[in-house]
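The data blocks that follow each hold one structure.
In the two complexes below, chain A is the common chain; its partner is chain B in one and chain C in the other.
Entry: the complex of A and B
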């Protein structure tokens, strides 16, 4: 009895560790629940795989007509696409909770979460994993494995380090964008998820190399909605060697995170429940 | 018939109520079209034609693709999924109206609310880029034929969306279903790449599939690439597919509705 039982029930002592532990427990419970619906699970992964394979076919068709666009060949573009799948997959795997914000606000379910002694965001994100990311991550890896040998990648310590920095940063950008966009639900209860769909649509621009776009749009994708960090800057680092932009990607990631956090906080401060 | 008209008008009003959502939805598909636009613009750099299409023709084709994509309400997956998940689908099942008919009426009601602004936006975009050369229809006959094909395409795509939305009876993940359905139709109908850009054999096969009727057929009639008997036959094929997909939806529905388990309370 005593300390041991206390640990088993409430988790480890330091608060931060306990939050992490609870997050892990919630995800574990969610996984058990989700995996018991096999058809649903397989359909989710199958649908995502189909979407990405179609995206790849599209690239193939496009490049069968044009050998290169603004200096980017098919294999380089495929590499970029593979990186996008990895980065977005990573963010989507742990970002599923963002999509439940709208419903939780509209139905007043946030009341319940607010009363529990655990940060609301941890509860929301602990409520689900983005299973479709399995397909994205797997397919992305396959594309990278196939495209890699066709592209003269400049392998060096710098390239590896740049990737280690850039990929998590890119994931942070997308993850933050989805949190911020879904937090709009605090202001417009009716428009559940619509802004998030819009931002996801904009992130589709990251399927093509940045030089394809006019300078203004390229600037927006670097400075305002930094989706260029999802795929283009890491891909360019692989193709042409690391440059300043890829080293600055943590700034984009952390900046996005900060903005999303502020939007979320401002939204939560407005939350009034649904009455009755 | 009156019941279906009432359902359509109810959906029309609901769509007007949430017009902000629809505007945002249109913007998000505009993002993809913009990406395509700039991509092809870069691709045409230093080329006068790709697969027999000039830049002006490609631009026009993509604009028609955007129009055809937005004439159809694709929110039925979300609505059906929600009502299946919450069990509200029972209310739909109890109504003395045909389930598919009711959903199609909803879709057409949304088209009226959503399609008109989409048409206006497309026209505005067309006017805005007119000076950079979006092509007019190749003739009065072509304009009429394209309008007919486009209208038929709305019904066809609504039927496809309905059939894919039925998958929601087996999964709660309607977003994944909606996205893969959109990826499939958009690629195979020509909304992203003119079908002519596919390898010749593949393009020929794709033109026999139901999706071509949504964008490729109206666009080619508009551009004057399909004329006379060929245009007529293409529209007939489109009509045949519309009937076939509608029928397929009914068959699928029978299997799907057997999945419904309503928990009492």
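Entry: the complex of A and C
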């Protein structure tokens, strides 16, 4: 071991890059630790896969009775369903940290994160991956592969570009919703996760085309809780070509992100830890 | 400027006032009412770089809250804190690079990871050069013996091992200030000794600034040069250990075991020594006095001359007595007199 090895500092130097690298490093450590509890791990994924299969059976039953719902054929609806699983799965995989906010607030564990020279959110999200999302992502991919050939997709440069902005925006909407909802733990320590579970339930509505819902609900899903951007608007762009809504999806994504961040900041400012 | 400066520092926690039962919860939801719990009340504190300051006070006095305010975990309700020239709450990240803190009843480490991995992550978070990191591991292995459990997940460590692991983790980035909240709570005597020896070394050799809270009196005498006493959110006393002894621990008790005591009033023998209190306890004459006001040799000489003394014992009030009196709320600062 020479002098050079002694002076060596692991990882990149610029702050932003370094934070990103540390985030990845934390996730990696967590993954290794988690994989060592093998049965635990398989159980999580298995349970989640089962839930999704049940949902799919439900979709099949509905469409076997009525071959087309409000202009959406079974295969188009399946495509939308697959998109939802992918977009939400991606957001859930990297959004697991939000679910630890409630416990961390109740037990005063944010103290530990506040002592480290890294943004608290980076540490929270670096604390774990949403493993159950693997099942969603796999199943979603399978559905897309099967349904794709049955749907006359409007492939154009515009469609591809639209998907490139719409899918990340949709993921941002879900990710932000979970952050904001879990941050409510700063106000009501007891009811941890309840609101987030509720919102996740609402996001289930995005498994079906928006026109099946009453106008009011469809409006809410576009303007208030914009879960329609997770699947409906991207799917419509695939089926009917890009429209204004899909181009505006970054507004929904960034708007949600901003709201969630404000809720998080306001919550963190209230944090008082626990007695000792 | 001092390393740590607190001016009129206040912290009040808001606790929801809620009647028991469902109706109470509903009423609270409609019309939330809160009660302010003052945990730190206009604290003025100044700690110089390199000082080891011991913070004592009964449970709930506000010690942990003060540490959390100084480390930037909590935002003050009023007043100011400066740590190394920064506001530790507003400049949390910059402050965090220069300080470290351990809380005795709660680990700072990730429970799922082996200790070695946690330490390596901290090395990377603080961008510690590899050579210095290896040096740190060697020191911790030598003095704290952490090499024995580097590869064990933190959840499997015993309390004694965990506390040592926490200390090793706190020092990875060579902080300038090390806050310790009840570092020896629940440890056995051997581990306590080991920990204190390490803290002494950090303080004396590396010049580390160490504010620590404790209920263990040996921590105070072994590690610290200064004592801060707080009770019910307020500062009661702040001074060096020597000043504490001279101000509050001045009582000296001499006991003379006498052969065939006559139990006569000893006031006559002791006249001229100054203000002393003397009384018989069986065959023992007990003489108590202020050791700064009365000369012990004078008392001893008179008693020895007048009686047939077979045994002899001297006891001074120590820091322990002072602290015990604080805990029992029996320390009357006005009555003790003297200048701090």
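Some notes on this structure:
What we mean here is this: the second predicted complex is superposed on the first by the 266 of 276 C-alpha atoms of A that agree within 3 Å, B and C clash if a C-alpha of one lies under 4 Å from a C-alpha of the other, contacts with A are read in each partner's own complex, and residues count from 1 in each chain.
As a working rule, contacts are C-beta pairs under 8 Å (C-beta built on N, C-alpha and C of every residue); 3 or more make two chains touch, one makes a residue touch a chain.
As the structure is a prediction and not an experimental result, all values here were calculated from the model.
Applying the stated contact rule after C-alpha superposition, one finds that A:132 touches chain B and leaves chain C untouched. Of the two partner chains placed by superposition, only chain C is touched by A:25; chain B is not.
Once the two complexes are overlaid on the shared chain, A:269 sits against chain C while remaining clear of chain B. In the superposition on chain A, A:156 makes contact with neither chain B nor chain C. Shared-chain residue A:39: touches chain B; no touch with chain C. Touching chain A in their complex are the following residues of chain B: 18, 20-21, 24-25, 27-29, 31-32, 34-35, 38-39, 42-43, 45, 47, 50-51, 167, 170-173, 175-177, 179-180, 183-184, 187, 192-193, 197-199.
Looking at the complex, you find that chain C touches chain A at residues 13-14, 60, 64, 68, 71-75, 92-94, 96-97, 99-101, 103, 105-106, 108, 110, 112-113, 117, 121, 123-132, 134, 153, 181. Those residues of chain A that touch chain B in the shared complex are 39-40, 43-44, 47-48, 50-51, 54-55, 57-58, 61-62, 64-66, 69-70, 99, 132, 188, 190-191, 194-195, 197-198, 200-202, 204-205, 207-208, 211-214, 217.
Listed in rising order, the residues of chain A touching chain C in the complex are 1, 3, 5-11, 13, 18, 22, 25-26, 29-30, 33-34, 108-109, 111-112, 114-119, 269, 271-273, 275-276.
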